[in-house]
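In order of appearance the chains are A, B, C and D, and numbering begins at 1 in each one.
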Amino acid sequence: MIASHYVYWTFFALMLIGLYVVISHGNLLKKLIGLSLFQVGVFLFYIGLGKQDGGSAPIISDDVETYSHPLPQVLILTAIVVGVATLAVGLALAVRIFEAYGTVEEDEVLERDSTERLAERDRERAAEHDGGGS
Amino acid sequence: MAELTAAWTSPDRAAALPAAVALPLLACGAVLLLRHRSIAREAASVAFGLALAGVVLALWPVADRGLRFELWTWLPGLPLEFALEPLGLLFASVAAVLWPVTTVYAAGYLRAAREPALDRFFAFFALTIASAMWIALSANLVTLLIGYELMTLATWPLVAHHGDAQARRGARTYVVVLLATSIGLLLPAIVWTWALADTTDFRPDGILAGQAGSGVLTLLFALYLFGIGKAALMPVHRWLPAAMVAPAPVSALLHAVAVVKAGVFTVLKVTVYVFGLDTLRETGAAEPMTWVAAFTLIAAAIVAIRSDDLKRRLAYSTVSQLAYIVLAATLAHQVAAAGGALHMVTHAVGKITLFLCAGAIAVTAGKTRVSELDGLGRAMPWTFAAFLTASVSIIGLPPTGGTWSKWLMLLGSAEADQVVPLVVLLAGSLLAVAYLMPIAVRAFLRPPADLPTHGEAPLVMTGPLTLTALGCVALFFGADAVLEPLAGTLELP
Amino acid sequence: MTGQLPVLQVAVPLLCAPLCVLLRSRFVAWLLFLAASLTSLTCAVWLAERVDRTGALRYAMGDWQAPYGIEFVVNGFNTPVLLLVSLSAVVAAVYSRRSVAAELDDRRVPLLYACLCLALAGLLGLSITGDVFNAFVFLEISSLSTYTMIAMGRRRQALLASFRYLVIGTIGATFLLIGIGLAYAVTGTLNMADLAQRLTGSHDNRALQAAVVFVFVGLAVKMAVFPLHAWLPAAYGEAPSAVSTFVAATGTKVAIYVFCRFAFTVFGASLVFGAMPVDRIGLLLACLGILAGSAAACFQDDLRYVLAWSSVAQVGYIVAGVSLATTAGVSGAYLHMIMHSVTKAALFAIAGVLLLRLGSVRLADLAGLGRRMPWTFAAFVVAGLGLVGVPPTAGFASKWALVTALVERDQWPVLVAMLAGSLLALVYVGRVIEVAWFREPPDGADPLRPPASMVAAIWFLVLLSLYFGIDASLPAHLADAAAAALLGKGGG
Amino acid sequence: MTTTFTLINVSLLAILTATAVTITRLRALYEATMLAALFSLVTACLFVLLDAVDVAFTEAAVGVGISTVLLLGVLALTRSSESVTPRRRRLPGAIAVLLVGGTLGYASLDLPEFGSADSPVQRHPVTEVYLHQSQEDIGIPNTVTSVLASYRGLDTLGELVVVFTAGLAVLSLLGPLARPERTRPTADFHLADYRVIRVVSGALMPFILLFALYVLFHGDYGPGGGFQAGVIFASGFVLYGLVFGLDRAQRVVPRAALWLLVSLGLLLYIGLGVTTMLLGGSFLDYDVLASDPDTGQHLGILVVETAIGITVASVMTTIFFGFAGRGVAR
């Protein structure tokens, strides 16, 4: 079991490390780095599925007998590109969030929003009072 | 389109059914079109009202021929359909006849009370009547439920008409209680019925016979009776006094004609045509609800006695009188059910008179409390004479229509060997004496507290209320005619 | 040419996206989006009619037969979704002309329309594809364009909303990818029909069971099923109005369709609902979602957040229907999907009009609306009552179907939750109506006239919902056909 | 499984895991970014070891190149150290990891042996078709390219659309349309002031572009293809922008041209599909492009690769310009 599956388990471990970072860390950039790690774990898992012992890259030539499966590779090419596209969008959002809030820590951003909302509510209450008084 | 033409030309006049629903809708449209011309607007309302009364009354000769008119299939297996049967015709007639009367009165009242937004008022008024027609003519539970909810929504703006904080609060209670009971209890009850019987049609012998054990039927019956919040059984009666914030004509329409009668009508319909009186009697499924109705009857009457606010007293009187009808239904006896149906009519005519009087008193004399009415009878003889007549009818004494309905209910409970309901029914009448008679007595016999500075209410108001008071008397003599079509359906002796 | 309809459905919006960017004119971009959505709608109607007549259609991409190539499958189960998505797009297109012009600066407008085209293409592709990995790609297209559009919202909160949706959404998509990978490891194929065929009889394969878990958890994120709904309120609440109108009507619905597709025609009901307790978990989460979403909606003080939370609850209704795994349940779920789409799109569209005219949709700012914008308000009342499920609105018909399905299976606790949800809906809709109707408008407030195109879009939806409420036979027919196609014969 | 293979494999995996753990613990984000680049590089090696040369090429270009450049660019604009993760945040992550890990472990019990020639993946008929039948159907030695561009051409179109969408997103978020109030101060000096860098990068430019073209057109026979080529093209421009400044880079590749190219590549791809439909075939059925199906497939795949190359290169450049054009905020 160990000899035949340790590779999968390592890939899974990489996924889990990434997943932990995404969920637990509050820094938006760190979250994105974690997301990449998570995805790389998945990519490796896919490629692992297509690997055949003693095989070689699926580029057909006359002196090779066994090839690894090309399909997972194609899928992962697509997935990598999707991943980097997501990363780029996420980073662009992070930059804009930094410009709007002055921070890239999720907790601080939320805190600033909630203080803003409270202030707004207070203003509203005060306005209502004035309206009632006059 | 071809169907419609065929229905019109066919001898049995099935097209009158959708026409009865369409007329008030057209009235609603006309009111909106003419919203800037007040006289034309109200004239149109009255005209449509008379036309509707004509159409509905013309159906009496064919009441038991089982006219049907299918609109369309709503969901597979569930058609939206109208059907004519005597009970529904009774309800439809009450609503259709009292609508133009109330409209005339409302035109006078709202002007005198300087209420805003009359166009909105008359439009939703017509919409309420349309939904009442829809309910009265429904051929199955789903169709009925749609009309039932429409009525709640159509009356919402009427209850909140004043637009002040108190009206908003009252309207909120009104809508929340009615929608909550109908969605929370009535809808599951209907779905359950559908699951059991595979149909929601109203059939003369009921559709649930032999479909479930008595335990399930008891639970289902309770779901129905509490779910039909408009029947105002305690503890779901809260909306009725809350809705007293509405202008008097609305109260009259809501609490005498359309809304509460839609409630008890639905109760009767469910008892007779869904459960079937025989099934109910055999399984005893209705018995627990008899007690609830009896309790409501007495408790509401006692609250009514203790209320000084005139409209509030009338509201609780309504709760009590509705419980009569529900009680009659739960007895699961043909005679009692006929009495309930008749009481639907007599109470409607009586109670609308009382509310119209209360409104006339409020705008003319500015009095809303019972204790302020001393000696007013001299200044407003017509109004109080009408009030007295209607009171007598509600109590159930000759020569008014109430006599017969109460008599039939008593007879029914005696024939069903139910002693406690018999006692309760009698006690309710005595309590009615206690909460209604003092009002007229005070007005006529006590000396006025101060010199009245006003006379009788204007003719547009006294006219309608005199008319309805006369109606109370007329029902004493015409009760047989009213009951005749029903007798066949209920197999009365 | 009619043989090419399945691909035209997706290719036309896809083609319009780069054209929007290339031509860079606001008007042309709008026209392109309108044209794309109209074409899609035409294709969808055509396809629905053909499927109704002759049964399932298959289209092999590049003429490579499945499972070697990718195929599109049109069948009873996805024609309602195709119709729904493309119809919502048409309405959103009509609506967006004025709304987008008011909410976005001029130069970003073509980009928004390009994204709308992409989202449309993504959702349609997701609904029509018969290949699991291709579904992942289309899911990412629709998601990425949605993130972008949400970030175009007016307030800075939109940025964080978009970012959080991006992170959660990507985790969800990656879960889906893991699930697909595990299923691939067990079967060696990606084609849905082929998968279904090769999976029969391997119910106790643990990798396969894990695949089910990952696929469903991944989809649950996109569906906003209860504990995974956190992204939805802010995302819908902060997006530009035209976007929330379109996305609220379609986004979660398509994900639910994909869920059904996987559950019934890929993994098979006997594995998902028999060997694994997905039905019980689904019912539980549905109940929690209904209650939590409705309750949260009652405490919001921004109209768009009220609507967004209500969406969380409504997803619960649909999931409950699907989890019953009966014909009646799935048909009810589809019906509710259709009805809720129409209703919720109308409501978000109304919120957009209010935003345009009042500058805010906080409940406190809606005072006196009934007098200032009577018609818009009337539309709100009708659509709002549709959320509650009051007859004769569309919501009633679908709730009826769902409740019937629940009674059929004796699922009383779920029924109670559903009814409680309806009552809570009454509270949150009632709050809005009360403020808008009965509270006095601020001094000097004049009647306001919303733009005609937006009014037309709103009233189209509202009247459609009323029509479906009083005569539900058309959507009911579609829903029944869908349920029959999903449950009748596996392998789709 | 040969011992050497196992040895290399195990050590690479160990390095990967260690790197990943270190990344999670590092609060200094520059360092974390550099380690992430290292992680990608090791992954790329592992991909080679797993016979996925095309993937390795892409991972190297993306993970080490584009991702790192973007992350560094963002770090230059924002704060570069992470605040301490509060304790309460750890629990949800831990729970998720436990659940997911449990499910994955459970799944692995029934996964086929790693590298087995008898797994369902290898036994499925598509294997035979992709590896051998493709030689007759399409006639390209690199089966990855033929699957990518022809058998599963729609996926690749979808992938290109995703890239396009990302370009739109960055344009709308960071492009000239969303200018911050603070504009970028003109730099006092450019890297171009250093003669060595200027001369070397100037001399490298033609070779980079040439190499990109080679990768683009050699994709049929060896590792490479449109995507990798696009990334290499883009990195050429990035280098130019870094050395000679953004303004000069933008003079070389004006924004308008980029917008045009971004859309053009995608249009080319979809247009190809529409053409095949007009010629009477299915969407993306290259057989109909020429009288001989083989020639048609070659032509189709060439157009696809070119389209990918154009869009990827221009989108990546756009993204870089977007980030680089942002004001220095700190």
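Operating definition for what follows: contacts are C-beta pairs under 8 Å (C-beta built on N, C-alpha and C of every residue); 3 or more make two chains touch, one makes a residue touch a chain.
Please read these numbers as outputs of a predicted model, since none were measured by experiment.
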item	value
Chain closest to the assembly centre - both centres taken as Cα means	C
Selected pair, greater C-beta contact count between C-D and B-C	C-D
Chain whose mean Cα position lies farthest from chain C	B
Computed distance of Cα centres, chain C from chain B, in Å	43
Rounded Å distance, chain A centre to chain B centre (Cα mean)	64
Gap in Å, rounded to a whole number, between the CA centres of chain D and chain C	31
Distance between the centres, which are taken as Cα means, of chain D and chain B, whole angstrom	74
Residue list for chain D, restricted to those that touch at least two other chains	104, 108, 111, 119, 121-122, 126-127, 130, 152, 155, 158-159, 162, 165-166, 169, 173, 178
Chain C: positions in contact with at least two other chains	133, 137, 140, 144, 147-148, 151, 178, 184-185
Where chain A touches two or more other chains, by residue	15, 19, 22, 32, 49, 71-72, 75, 78, 82, 85-86, 89, 93-94, 96
Pairs of chains in contact (touch as defined earlier), listed by label	A-C, A-D, B-C, C-D
Chain C contact footprint on chain B (complex, rising order)	72-76, 78, 80, 142, 145-146, 148-150, 152-153, 160, 163, 167-168, 171-172, 175-176, 179-180, 183-184, 187-188, 191-192, 194-195
Touching residues on chain D, where the partner in the complex is chain C	103-104, 106-112, 119-127, 129-130, 150-155, 157-159, 161-162, 164-166, 168-169, 171-173, 177-178, 259-260, 262-264, 266-267, 270, 273-274, 276-277, 281-287
Touching residues (chain side chain D, partner chain A) in the complex	1, 9, 13, 16-17, 20-21, 23-24, 29, 32-33, 36, 39-40, 43, 46-47, 50-55, 58-59, 62-63, 66-67, 70-71, 73-75, 77-79, 82-83, 85-86, 89-90, 92-94, 96-97, 100-101, 104-105, 108, 111, 113-117, 119, 121-122, 126-127, 130-132, 135, 141-144, 147-148, 152, 155-156, 158-159, 162-163, 165-166, 169-170, 173-174, 178, 180, 221-223, 227, 312, 319, 322-323, 326, 329
Residues of chain A defined as touching chain D within the complex	4-10, 12-27, 29-30, 32-34, 36-37, 40, 43-44, 47-53, 55-61, 66-78, 80-89, 91-96, 98-99, 103-105, 107-108
Chain B-touching residues of chain C, taken from the complex the two chains share	385, 388-392, 396-397, 399-401, 403-404, 407-408, 415, 419-420, 422-423, 426-427, 430, 434, 437-438, 470-473, 476-477, 480
